[in-house]
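Below: a set of structures, written as structure tokens.
The following pair of complexes shares a single chain, chain A, combined with chain B in the former and chain C in the latter.
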Partner chain A sequence: MRKGPLGRILGEHPVGTAFVTPYVVFLAAVFAYPLGFAVYMSFHDYFFAAPGAIVERPFVGFDNYVTVLSDPAVRRAFGNVLVFLVINVPLTVVLSLVLANALNAAIRWRTFFRVSYYVPYVTASVAVVGVWLFLFNSNGLVNSVLGPLAPDPSWLVNSSLAMPTVAVYVTWKQLGFFILLYLAALQNVSKDLYEAAAMDGAGRWKSFLNVTVPGVRPATTLVVLVATVTGANLFTEPYLLTGGGGPDGASASPVLIMYQRGIEQGNPDIGSAIGVLLVIGVLLLALIERRFVGREEE
Partner chain B sequence: MKLKFVALLVGAFVFLFPFYYMLIGSLQAEPDPSVSGAFPAPGNLTLHNYSEINGAIDLGRSLINSGIFTGGVILGTLVFGVLAGYALARLQFRGRGLVFNLMLLIQVVPFQLLTIPLYVLIVRSYGLADSYLGMILPFLINSTAVFVFRQYFLQLPVELFDAARIDGASELGILWRVAVPLVRPALLTGVLLTFIGPWNEFLWPFLITKQQDLQPLAVSLSNYLTTVSARAANPFGAVLAGACVLAAPAVALFIVFQRRFIATNLSSGVKG
Partner chain C sequence: MKLQAGLLAVVLAGSLAACGSGGDGAGDADAAAQARGPITIWYSNNAEEVAWGKQMVAAWNAEHADQKITAQEIPTGKSSEEVIGAAITAGNAPCLIFNTSPASVSQFQKQGGLVPLDASYIEERSGDVAQQYKSADGKYYQLPWKSNPVMIFYNKKAFAKAGITNPSLTTYDDFLAAARKVVAAKAAKFAIYPAPSNEFFQSWFDFYPLYAAETGGKQLVADGKATFASDEGKKVAEFWRTMYAEKLASQEKYTGDAFVDGTAAMAVVGPWAIATYKGKVDWGVVPVPTSSGKPASEVHTFSDAKNVAMYSACKNRGTAADVLKFATSKDQDGKFLAATGQMPLRKDVASTYADYFAKNPDYKTFADQASRTVEVPNVPNSITIWQTFRDAYSKSVIFGQEDVGAALDGAAQKIDQLAKQS
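This part shows the complex of A and B:
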């Protein structure tokens, strides 16, 4: 195609700019500007005021961060989410890889299995939370099956079991999505490698460890990162399953605290500071995870 | 092979049982948490819970709100997302690389960090609390969908576009008459993937709708769960009935179109 001087400045198809304009405006208005605004609020004494009212919102440096970091409820929430991730992420990786591997084989009822594993993922958490409350109630079905083995106090009101129960719930809920990611990745593992492994006398377990696991490593990196980011955003489940992060804050997540401080209690500056700290934490965690999981990609 | 099959079967039971139990629980007149409650006697079955929850939170109204919210997001994503996806795949213009990198960068920003500033902006500055527009705005264009659309447009042969251009078709004409018809199945996948998000979204509409007659079903159901249910006669029954109504559309769509969710479709979006 020809390239005039104008073409060199605007590109061959200047109309493309018009096509992406709505999207760029959207990104600027819904992501970029609020992102900057969050950082701004976290460094100022920001409070809700009537629209149009002229109020002073002085720069306060790191005051909001000091407030946040010295708040035991916030520190506890960050600790809780770590507990959540330590349970949720490895469980997600192992279960979804094993199930995807089993589903990838020629097996009867494959469609049925795929549908069953994916159904929790497509269903609203608010809907399935209702059943879990019913199942894990102190006199719910799970405890009546367990009989004398049932924990006391029960699952969701037990301060050492509440967060693990939430983590298991979320793993169950999201697993279908990660199974799908692994199923896609398994298509790219060369059949020759399995044949070569079989030739070398490797059993099913050996070839899973030596061919499948390294073969899907890029997908594992993705699964770990996505599960971490989703986990750090935890809100609905503690809010509904444990009545707002109970018992006594044992299952409160940073986003839940951010909502309580920022909106319920009307301190958007504090809420923003929690949000910024959360993002920094997730980024650090993601870097560490890439070091460990993604190293062979480099 | 036998072992694999049995393991998958056990797994499927763990995944499906809560849904079965949700349905049973929603139909039980008296909540029965004992093991035999999972196999209810026909005499204990009733539709009363559905009328109970309908009396508490006007199911029809909430479903319409969920529908408008979801429909708005899908419409925005389809119209603006297809335009952007096509431009990023097929058009050379200044700033294309920048937009593309911006799109990838955005995927990393967690929406939750934006919750507070967006709340301040949309509710306080723009006065869009308790409105459909305020509900839809943060989700209006789905970046993942833009990315998937781009991947599909990239797969079309370049000769097709050159030929159409030589015939003098405008870019909008090419997009509408050549590109879109060829990727129609992909667009359906995009719609289905986009559907799940707003239909199940809870935090955002929960924050900005205080008026009950504007709340999507997920929000009104959670309000019922956290406040009213403690005082109801059979709270679990009513909650589970509401849960069934909320779950049914998404699950039904998924089962009907499950072939659209096959791994290859997703992988083209993942591999980049």
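This part shows the complex of A and C:
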């Protein structure tokens, strides 16, 4: 039967198309259009103006990118986030897998522990940061316990330790979410495999390495990618924990700098250029990670 | 998600601007300037200012049934400057905002968000102080409204514990000696605790008041050039460097009010804080120190002012101009002073409201200081300039990772470039 124009648009399964349409519209409006517009801004001398204000926003080619790449604060922020990811991502994978494995076992107070790990994830950063400051400021609990071994300058005002401290904090705060992903994945690992491993004489450790780890590989791929993407978008934690990226920018992240330049200082063109570079960087990193972590899956 | 959220915020605001380009916006400016009718205003969200705002609006509305004011507290955001910037872009800023930061005026002006005001009224009300608020084109886009001249508050009990009953804090040497005694006696963990964080505005409460005092009232940028990489600027920076190096001030962010908590024996703050300290700290107040110990009557300081501006989204600008004058009249300024303790930016505040100061002697010192205040420079890229300065100050003074002189010289070169741009 010959289809009309509407039929051609709706395709073979019009009901399915109708279901998908709202999400496609959402994606276009909330992700695709803004991303495209950010790219546009990054190639123009762009600033926000009142409706009706007559302003010029000329095309400037790569000028904004040159400005961004020649700014030591931006370069340092990208370096900082790499340090963050090198600490945060492996730590997240290892801790969440080990803890999920423990919480999957038949232990007493299992629900209590599961909730305990999840609570920091759902608690507002502002509230949790207060606890962390109590722990890690120079008079905090950690330094009291360490005594003469406490670092000087202290954790959050130490150029070498500020970003690692932020990375550990974020790992701790988000652990509950990643444990949940692994707990879901663990339900899909066949019990037969564990029984077979036991029959072959494998202990708990060998069983974990040879059955659990390969069994949850798809979840590991997801955890690595999600941790990378959320980590690269780090903002709240350095802003609240280290007073805007201190000391001397040692904990500044690209998104923090993007916010300073784009919103605070009224240069959205520069902010957009940082954002576009960050998107490109994260995509490249995600591709590399997918190639290595997800290769057996393929 | 934070990246997407950040990009989204940037882009949505931008797209709104794009949508609005070419439209007629607030309509014909001349017609709007004469138009009368209902208007909206925003005021600050601290309890004392809200109380003043409500009575001012009620007093106006009682007399102007056809030109009513609808008022609200400024919407919550990370800072009022960002909220206002977004409102300008979206075209929904109110007619008047009684909380406009002078540091943001050049940016709002560039955005096309502000309306020039009546210069003669401003100069008549504020006198010579008004000149600091004039924009590069010679017009006023802000009415200098109120200041909070910052001074040194000290905790009398902490000082007494250190054996200091009548502190002399006029020179850097005096100040350092007192600070060392207070900390050595464990009267407080730190002598003073300015926020060591890296936000652009933090220098207004450590470096800038002392710089204003040391230079006899110089702004950070004058005639398009940075002024701070001078001997005076370096003396101020070295003074603070000593405070941090000797751990008399802290490099760490503090959550709470270190002065109220007793963690610090001194604070650099304006008269707005007096209400906060009531019943909590037995305080005294002195001007900020200078290297040579200038007499109090010659000491300048940072104004910490907030002003009133009229926004281009306003359609009934005739009414807005009338409300602006009504809300900053002698009568309303007196009510504002009584409600908040903040100083109206008028000529001769002390004599105009002599009765108030007779009944509230705590505030008289601030009224005297209010005649010698220095504002942030009204120049293009103002916030970028302050951030550039803060980065250099933070690195060299707070964290001691660079020579103070070299850091200020480097920042001055960058700021000279920024000040030249439009």
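Everything below uses one rule, namely that the second predicted complex is superposed on the first by the 269 of 298 C-alpha atoms of A that agree within 3 Å, B and C clash if a C-alpha of one lies under 4 Å from a C-alpha of the other, contacts with A are read in each partner's own complex, and residues count from 1 in each chain.
Following the convention adopted for this analysis, contacts are C-beta pairs under 8 Å (C-beta built on N, C-alpha and C of every residue); 3 or more make two chains touch, one makes a residue touch a chain.
Not measured: the values here are computed from a predicted model.
Asks: With the two complexes overlaid on their shared chain, look at chain A and say whether chain B and chain C clash or fit.
Replies: In the arrangement built by aligning on chain A, the partners chain C and chain B clash.
Asks: First (chain B), second (chain C), both or neither: which does A:V55 touch?
Replies: second
Asks: In the three-chain superposition, say which chain, chain B or chain C, touches more residues of chain A.
Replies: B
Asks: Of the partners chain B and chain C, which touch A:G130 in the superposed model: first, second, both, neither?
Replies: Both partners, chain B and chain C.
Asks: Should A:L156 be classified as contacting the first partner (chain B), the second (chain C), both, or neither?
Replies: Only chain C is touched by A:L156; chain B is not.
Asks: If you stack the two complexes on chain A, which partner ends up touching A:Q260: first (chain B), second (chain C), both, or neither?
Replies: Only chain C is touched by A:Q260; chain B is not.
Asks: According to the stated criteria, A:A232 is in contact with first (chain B), second (chain C), both, or neither; which is it?
Replies: The answer is both, since A:A232 touches chain B and chain C.
Asks: Just chain B (first), just chain C (second), both, or neither: which does A:G271 touch?
Replies: Both chain B and chain C are touched by A:G271.
Asks: Looking at the overlay, what does A:G246 touch: chain B (first), chain C (second), both, or neither?
Replies: After superposing on A, A:G246 lies in contact with chain C but is clear of chain B.
Asks: Check the residue A:S116 against both partner chains and state whether it touches chain B (first), chain C (second), both, or neither.
Replies: After superposition on chain A, A:S116 lies in contact with chain B alone.
Asks: In the overlaid three-chain picture, which partner chain does A:L35 touch, first (chain B) or second (chain C), both, or neither?
Replies: both
Asks: Just to be sure I follow: which residues of chain A are touched by chain B in one complex and then by chain C in the other one?
Replies: Overlap of chain B and chain C footprints on chain A: residues 30-31, 33-35, 37-38, 41, 48, 51, 130, 133, 137, 139, 229, 232-233, 235-236, 243-244, 255, 258-259, 262-263, 268, 271-272, 275, 278-279, 282.
Asks: For a test of understanding, state which residues of chain B touch chain A in their complex under the given definition.
Replies: Touching chain A from chain B are residues 1, 4-5, 7-8, 11-12, 14-16, 18-19, 21-22, 25, 31, 33-35, 37-38, 80-81, 83-84, 86-88, 91-96, 99, 102-103, 106, 108-121, 124-125, 127, 137-138, 140-141, 143, 146, 170-172, 196, 199-200, 202-203, 207, 218, 221-222, 225-226, 236, 239-240, 242-244, 246-247, 250-251, 253-255, 258, 261, 263-264, 266-267, 270.
Asks: Okay, in this complex, where on chain C does chain A touch?
Replies: Going by the criterion above, the answer is residues 1-4, 6-26, 81-82, 85, 88-91, 93, 107, 110-113, 189, 195-200, 251-253, 255, 312-313, 381, 383-384, 387, 391, 394-395, 398-399, 401.
Asks: Across the complex, what residues on chain A touch chain B?
Replies: 9-17, 19-20, 22-24, 26-27, 30-31, 33-35, 37-38, 41, 48, 51, 99, 102-103, 105, 107-109, 111-135, 137, 139-141, 144-145, 172, 175-176, 180-181, 183-185, 187-188, 219, 222, 229, 232-233, 235-236, 239-240, 243-244, 255, 258-259, 262-263, 268, 271-272, 275-276, 278-279, 282
Asks: Within the complex, which stretch of chain A touches chain C?
Replies: These residues of chain A touch chain C: 30-31, 33-35, 37-38, 41, 46-55, 73, 130, 133, 137-139, 153-154, 156-157, 159, 229-230, 232-236, 241-249, 255, 258-260, 262-268, 271-272, 275, 278-279, 282.
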